[in-house]
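Structure in structure tokens, see below.
By written order: A, B, C and D. Residues from 1 in each chain.
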């Protein structure tokens, strides 16, 4: 599969938006879906549908096999040691809530500290914030440097003897900063602290190797990874999944149920209560196939070229200010324009068919720190090309014209 | 009317040069509005008489052209209106911005109607509807709140 | 839409299972999907896809409108008073976990009691069981009578001054018993106790009227209601949603986020953290349309005829024992055959293309009470007809032949 | 072989008339197996010598024809086997039931192989694989567990 030609795998690009071609630069929000994935959903529902793991009839057995096949594909894609280290959730947000809730029940006490960073998405802050009330836990934030980057030193500074968990993003959805997870994990482990990584933004754009990163938890949203909505993945080392209590309770995650007590299933069922997102899991196998067919190395180099080009033209465009200039940067171009509010930019770009996002991107802490209430963000996917970035720039110029800038 | 035309007329003017901007001294009521999705903020200052007639009104805020223009147009319009009139205008405005094509009210002259209806173009943009209504909701809660204080004091 | 002809709306029935026509009698587990629903998913992903509520560009705004349109359709279908009383979850299991977790945080103390019934699905027991450990809460079970039914008297008997919540099924997924929810709610409210209803099995088969039932919470699984997997609904009275703390934390459910504190959104966003199951919600509107087009009254009378017919022929089949003979019964035929284990029945029926479920159906408490480790269950959907039940009976006879019964 | 043929031969026989059913008196080790999905249960009783050779073995249980037949065939086969032999047979059986078409082991004669392979038909039915392996896993954990006790005592 040739990446330069990949747009044709995505049916949405044959539609017009306000009579313009769609220039989709909102993949950090959610990616478009290749036809193979949509077809898989269609075929599953029309030819093979059944619930998983609960009946012994043909369709159910087949669906169970398909469901577990995706688990194996994800294991391989993440280079996880064990298939049972892959838990399906409804999204990265649920995955992080699962970790915060179960980890705190088993391992946290009043006065313990969680270390986040100023880059974190609300989904990697609110679940930890809950523990302030329920457990009397304290939350610390490693600070960004002037490039919108987090150095290992700034992490180290905030570690105290009470730090019981480091929960950090792999790739910032605003500054694009790629954090040195492997080094952070080494540092943390040397102090006996587990590391939870918010991999939402990294997963579609970077090579993922759990055994190399050696992190304890890794949260992923499938809808940002060319997969269906309503599905996420929690990778967790087996020792954690074995020792954490279950999260939601319901059908499928129990061993024996009595009126006075309940015992729970083995992995992976223990953490998959109730009917899961069967069709979505099964279709996600096609997303993994799709990524594998292009090859992550090709994706990385394609997106790097685009990012460099995008930065180049936007830097040349006066009155556009890029946000963040980290050492290693991925797939995200956030910016402001003096005197034009990001919301107005986004609305006007939209008239030209250019879809970007404006707002705080669920990162209020970061925006506060940067002295902004909002920013504009163009983010990349495999299907983007230089044309898209040229159109972005053109449309920004239209916008400036309207506002007489 | 599409949004771009919109940006070239009344909204751009009010957005860039908002009327009634800044805190004035002897206000006796204030109220804040905040749109968590985009971070738009508005802070209203009011001088109300005992019957909640608006003797003076101004605002501070950060936000897009639409929310700033809306606050600017609203404050211009509300000066001197009594409680009943304010409430009527708020509800007419919200109706217009959410579903109706025009706005009918004896309280408005044609020029004022035109200004308000310039904001009507956001009808099909739920995100922008919130921008346009932010200051109006804040005004509404300021009045209700003032009442509460009066009755409990 | 004519219900006698409805099979053709479901593409799965044009496929063969082991060279036989599919006789699908496992709808209580999960229903098949009509083509309109599958097509909606396809069209959404291929022509309209975007994330909801987060961007101001065209696709995102359109998706947000569609998403909220489903909320309105569900509100109407349930006759809920307020659109914001409808919360989307990943399934009924999550909906019940949400209620148990948030209700306990705000309203439960050590020694308080939750009243369940012996009919409950594990999904309506395990989440409450958790509160034994976390809150020192006690759990009571209203007993079934000899018909596998729960009378209002048996509920009343188990109410104590410490009862703080009654959590009960509307329609048992094993005995088919339909509980008198309206009367139970009246009784409970007269004692100041809220009622949570597990509506998983009732939702596809009964007329739903929240204002008439007057229950406080109602949990639904969309995949059992001719909708996509990975989606559920929690109906809750506004006063509860206003007063309960949020459940999962993440993007979209916050108001303001500071380093030292967080405030939460208004309804309905407060309970919908993270990227939701966008495509599934949007497609579920077609499930509601589909149900409305047939008309719930037609569904009820169609399924009643089938149920009566099924009971009649199975009762005539000697050595088949039906489980449960409740006053009011819906859509479920559970049975055992002397000397043949339910699993063997299900496997052999499957060879004839007849898909039923065997096991404890996530109701171990009930099976214990009935002195069974497992049962066989044939359950009905709109697409079933008398032929299907004749084939069930035929295949049961095959099964008896193999086992020389 | 399809599952129906399967039901007509060895499995039906062992399922209906399980060998080694019931607790015997002087067992010195027992172990339970449980399949939470379907409720199948097996309870093994063993008389092991100090080297973990199986002098006697029996079972009680509730379950489908396949799980009962599997326990019946297994107990028949294991009587008199030493630890190494038991472990080899367990791992060969699990291999066969999960992926392989046949079973190779010097410990088995043709008749025994045929009996075991009659269970191989469940390969493509993950739910039924658990039925067929329930007693085997229980036996495996009984042995491991016995060791632990010996070494810690």
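The definition used in the following text is that a contact is a pair of C-beta atoms (placed from the backbone, for glycine too) under 8 Å apart; a residue touches a chain by one contact, two chains touch by 3 or more.
Keep in mind it's a predicted model, so treat the numbers as computed, not measured.
Within the contact network of the assembly, the step distance from chain B to chain D comes to 2. If you compare A-D with C-D, the chain pair joined by more contacting C-beta pairs is C-D.
Centre-to-centre separation between chain B and chain C, using Cα means, comes to 45 Å. With centres defined as mean CA coordinates, chain C is found 31 Å away from chain A. Chain centres here are Cα means. That of chain C falls 38 Å from that of chain D.
Residue positions 37-38, 125, 127-128 of chain D are each in touch with at least two other chains. Among all residues of chain C, those that touch two or more other chains are 54-56, 60, 254, 256, 343, 347, 358-359, 364. According to the touch criterion at the top of this document, the contacting chain pairs are A-B, A-C, A-D, B-C, C-D.
In the complex of the two chains, the chain C residues touching chain B come out as 53-56, 60-61, 64-65, 68, 254-256, 265.
Residues 2-4, 7-8, 12, 15-16, 37-41, 62-66, 125, 127-128, 131 of chain D are the ones that touch chain C when the two sit in their complex.
Contact residues on chain A toward chain C in their complex (touch as defined above): 11-12, 15, 17-18, 22, 26, 29-30, 32-33, 35, 37-38, 41-42, 45-51, 54-60, 90-94, 96-97, 105, 121-123, 125-127, 129-130, 134, 139, 141, 221, 223, 228-231, 248-254, 256-259, 262, 273-280, 343, 346-347, 349-350, 354-359, 362, 364-365, 368. Within the complex formed with chain C, the chain B residues making contact are 34, 36-38, 124-128.
Contact residues of chain C toward chain D in the complex are 340-344, 347-348, 351, 358-360, 364, 367, 373-374, 402-403.
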